[in-house]
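Think of it as A, B, C and D in the order they're written, each chain with its own count starting at 1.
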Amino acid sequence: MTKQKIIDKYPDATGHFGVYGGRYVGETLIAALEELEEAYAKASVDPEFIFEFRNMLEHYAARPTPIDFAERLTKHIGGAKIYLKREDCAHTGAHKINNVVGQGLLAMRMGKKKLIAETGAGQHGVATATIAARFGMECEIFMGTEDIERQAPNVLRMKLLGARVIPVDSGTGTLKDAMNEAMRYWVGESADTYYVIGTVSGPHPYPEMVRNFQRIIGDEAREQILKYAGRLPDLLVAAVGGGSNAIGLFYPFMDDPCEMIAVEAAGDGLDTARHAASINGGSPGSLHGAMTYLLQDDNGQIHEAWSISAGLDYPGIGPEHALMHDIGRVKYASATDAQAVEAFSKLCKYEGIIPALESAHALAGAIEEAARRPKDEIILVCLSGRGDKDLENVKRYMDAHHE
Amino acid sequence: MNRIDTTFRNLAKEQKKALIGFISAGDPDYDTSLEILKTACTSGLDIIELGVPFSDPTCDGPVIQRASQRALKSGASLTSTIRLAADLRKVTETPIVVFSYYNPIFKYGLENLARDALKAGIDGLLVVDLPPEEAQPLSLALEETNIHIIRLAAPTTTSARLAKLVDGAGGFLYLISRLGVTGTGGLDFESIRSHAAQVRASCPLPVCLGFGISTGADARLLASCADGIIVGSAFEKIIEANLSHPGLPELVAELVEEFRDSLDSINSEPVGEGGSSGGLDKPGQ
Amino acid sequence: MTKQKIIDKYPDATGHFGVYGGRYVGETLIAALEELEEAYAKASVDPEFIFEFRNMLEHYAARPTPIDFAERLTKHIGGAKIYLKREDCAHTGAHKINNVVGQGLLAMRMGKKKLIAETGAGQHGVATATIAARFGMECEIFMGTEDIERQAPNVLRMKLLGARVIPVDSGTGTLKDAMNEAMRYWVGESADTYYVIGTVSGPHPYPEMVRNFQRIIGDEAREQILKYAGRLPDLLVAAVGGGSNAIGLFYPFMDDPCEMIAVEAAGDGLDTARHAASINGGSPGSLHGAMTYLLQDDNGQIHEAWSISAGLDYPGIGPEHALMHDIGRVKYASATDAQAVEAFSKLCKYEGIIPALESAHALAGAIEEAARRPKDEIILVCLSGRGDKDLENVKRYMDAHHE
Amino acid sequence: MNRIDTTFRNLAKEQKKALIGFISAGDPDYDTSLEILKTACTSGLDIIELGVPFSDPTCDGPVIQRASQRALKSGASLTSTIRLAADLRKVTETPIVVFSYYNPIFKYGLENLARDALKAGIDGLLVVDLPPEEAQPLSLALEETNIHIIRLAAPTTTSARLAKLVDGAGGFLYLISRLGVTGTGGLDFESIRSHAAQVRASCPLPVCLGFGISTGADARLLASCADGIIVGSAFEKIIEANLSHPGLPELVAELVEEFRDSLDSINSEPVGEGGSSGGLDKPGQ
């Protein structure tokens, strides 16, 4: 029995991953999305674009990022070997840069003068502002007023990088409202403005395009693990907010005999209202341009998400993940705030790496799996970013929980 | 016959333009909203667009966003919107178009919606973020009803795409008058006129202009190039400014009358015959 | 006329760089330094040690760091081409990691159980705590009470990494006092404790050893610039505090026809009392184990240094630099706080890279040089670290100066 | 003959142990410091160690660090220390050893120092962070004087190294009694005794024990295995605790007397003959 290949099968020509994905947007945006789709389709097969992208990743984003055997953590747990894909060492401190490099180059090709983006914790805002500075483009970042207060250092970063931060006080003044506002702005200004979406969500072609820009994570990791460990990993683990680092790592392994676990943020717990687990605690629906799993009530109103990790704090997930869940290719687990903070501490203490709280969710999942797997198995974890941005948050959490 | 089609046919006969009013369902609360709707219908609205409040209205400007938020706070939903339509239907034959984002509809269930909307006397469904490419399930669900799917066209819509939009649509074409989200102002009358003329030339449905029309003067300036005009934020502004005013429905009615008068005062070319049967007589043809 | 080679000539067998360097310590430390010297001499030629060091640099420290052509900055200035050696992308965000990886491995070989280090801004403390965690060693970091207050995030980092931070309130409660205290502690505990000095200062063999651990910067950069630019740079520029990133970059080019400029921190200006320019504003003397240039008064009392950049805020400089100055191989320039902040802003705005304030001094020097050199010249700048740690400082400076 | 050598010769004759006192020069101020020194000399100190305050005293514990800081605040320096020595020399023949870090000396100029120290009647120079490997310039500068360079040896000093230390040194060998910096306490008498015996066996100079000796009892317990004992932090503690006490010099003198009495009370082996000429009669030889 030959298994059907998953890679290259999705999305279909209309941007659907099974029933997910697609293009659920107001008519005014259709032309802009078609323009983008066409430009991306051309660029993605243009050797010059491919060269520029690779070149920027190497010299600017500091790729390849290494893989790193977490020997002491592995010993401490006493089970399967844990390897880390070190996206924390990429420029700006997370995998986010891969995507903005790609989209920034594309925006330039398309003759756009300005980049806009939404941001919650500020990570994607900083990444977009970064690339705008590098390319000499104007930049406006939409950010909820709540978040502007909570994430002052990233606001400062964006300003230093020359971006304007546009406060959004509609709705709950957080990430999804910022995304709403960015889309509204784009509707009016798409002629000279490029909208940089930060994860594998949004209307077609974003999920496909962002995945393809992020697959560098998995392409590198596959080559590296084969070189250093001599074989494929048994399990891949990544945290999933929108899902770009997870799909970036997983995608090149899709047709390999590797298990995959994506870890959602369970916040206070899946049995509470305070979590961000769209698959484990949500249901299908359409938001921000795509059909996918969402946190919503019975009336189809979107719930505010909650996680200690600002980067996972989004009420949706990329449509490709929705499909991977339905077809069972990827298992969607979850980790609570408490589990993430514990994994965070462990990586600090055993490996001298301060992970992003997002990545700490992946670690929590990996630690659980490692404990119940034999020592000769290999788990490859996407360490999607560094945790410098999270220090205050973790301290507050620890202080409140007397750790 | 669908009430929307009847309305356009009648307006055509009277050589009048359609006045379509968007009202956020349940803003500021169910009862006031019902009163506003009733009064608006008797004051000269030809078609009601009943907005289903949504937590993430990405196609709307701040005025309708806030209206949506107020409605949600008062407990509004697609369910209550359908009930509102049914209650309104008891007292008026004015066509009712439910204006929604897709998610509340999807979550409600397309079959459920078709059944309940029909029962409530709803005439059309306008799903602002559901382009034709994604609309097949909804079309299928509505197949057995005579509820129209109303489509929007944008200033950036090509003529090739226009054909696609209109295919399977009914009632009228909602022609967005400018790039951007709902809200008042920002109109470039010259380019709207030329674009509207182009669209009408190839569109088998009545073409109504909306987004940004905030005064009787705007309406008068644009009515001649369309089959009707759509006013939304202007009504919601009045509502927002008079939330606890006991005479709120009358205040909205006054604005409806102003628009009505403006539209009726123009010396317009005759509008074509409405109806989903298509084949309208167009000026310039 | 064949020029005499500089490389491999210094230090001499007794750890002197000309009249500088040496071993100016209390008798009690002599045995510990001899033990260290011997252990390092053995390790440095042991293929296993060399492999371990390279391996850790690759997988853990994320080396090689790229070189990156700063195209927009170059255009903006309109002179020589500026290339950046991107140490900001190394694990923990600065070149400091190279050295602590080396010394950490050495400490393990020597059978030490505990690492100690002094820290001012906390960068070297974090790097040491990092490596202690990675190797499972105890760690104590000496830090002035003043600095503990000013650098709260780094204190938190060290604690998360499992290190104890020992407050030092003697003297002025800043870096040099922390170093004093670390030396005092080491005097008593050298049997099981390894003292990790963070720069090319201290008694022999530290300056030589740290240089050799840091020369990876220059070794990589030399290969990279030859590959990407096709030739050697005309000028190398680096900021100089203790001088480890500067000598790390310069050393492999010592006998090449390249000019070299090390940029000292001029604080409020060399004509004020508030600067940290040991060469441009100091005189020879002995401190912390070595003869070198120091900030001192006529009585030989050491001055407090001042710079907006905490990592340059030290009243001495590595002895090899003292020699390079005297023999004219390296030019010692300086940049004021104002010039550094301006260069900082420029790199943010033109390249989307937030540099460490230390590195901003190098950039200030490079910008000045680029402006007066022709377009076909190449300047290679050591971007020694990232500036996330400096955001607050820069903001405070800008607010105070209405920028 | 150097006063230090004379002192050890006389002590040997009297079968007494040397009591060497470290006092930070200029703490808390010049005049008080001079009074303390004078009184200490008349109360039984055999040798004065006059500490030059330094901003970064890496070999000293907190007590002497603070003494150094106070002295610096009162304006003390190597210059004022030399003046203090000269002033003291006017009233006493007690040997004076200047105890310093290298930097103040280096900055002062080695030639200048040799000249001025000689003029002031200084007998020895102990540079705590100047191992023999770095000491050549200082040795050269002092060559024409009869000022001794005093060396320290540590518990970790090997016998090979001891020979190097003593080469070119004079006066006495300062044997550090424990690992660590100056300060009181932390003594392991057993190991000190055995190490001291070893050192004395091969050292041509009188061997005096210092670091950590804080009470008469300590002194008594250690005197038998050395030619003298050195007390520093214990004096500085008294000074620190009585900074504005009018009878501060007397308080220090009392402590000097206590140490003196303790030393004199012991039934010790005869000390060897002092002097840079070497060749001492050692117990166990």
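In this section, contacts are C-beta pairs under 8 Å (C-beta built on N, C-alpha and C of every residue); 3 or more make two chains touch, one makes a residue touch a chain.
Note that this is a predicted model, so its numbers are computed, not measured.
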- Item | Chains contacting each of subunit B and subunit D, listed by label | none
- Expressed in whole Å, how far the mean CA point of subunit A lies from that of subunit C is 35
- Whole-Å separation of chain centres (CA-atom averages), subunit B against subunit C: 68
- Message: Can you work out the whole-Å distance between the CA centroids of subunit A and subunit B?
- Response: 38
- Item | Residues within subunit D bordering two or more other chains | none
- Message: Which category does the touching pattern between chains fall into here: line, ring, star, complete, or other?
- Response: line
- Query: Every pair of chains that touch: which are they?
  - Reply: A-B, A-C, C-D
- Query: Which residues of subunit C touch subunit A in their complex?
  - Reply: 58-60, 62, 65-69, 72, 86, 88-91, 93, 129-134, 136, 153, 156-157, 160-162, 228, 345, 348-354, 388, 391-392, 394-395
- Which of the residues in subunit B end up touching subunit A in this complex? 54-62, 65-66, 69, 72, 77-79, 101-108, 128-131, 133-134, 151-158, 161, 165, 176, 179-181
- Item | In the complex with subunit B, residue positions of subunit A that touch it | 14, 22-28, 30-32, 170-171, 176-177, 180, 183-184, 187-191, 283-289, 291, 294, 296, 298-302
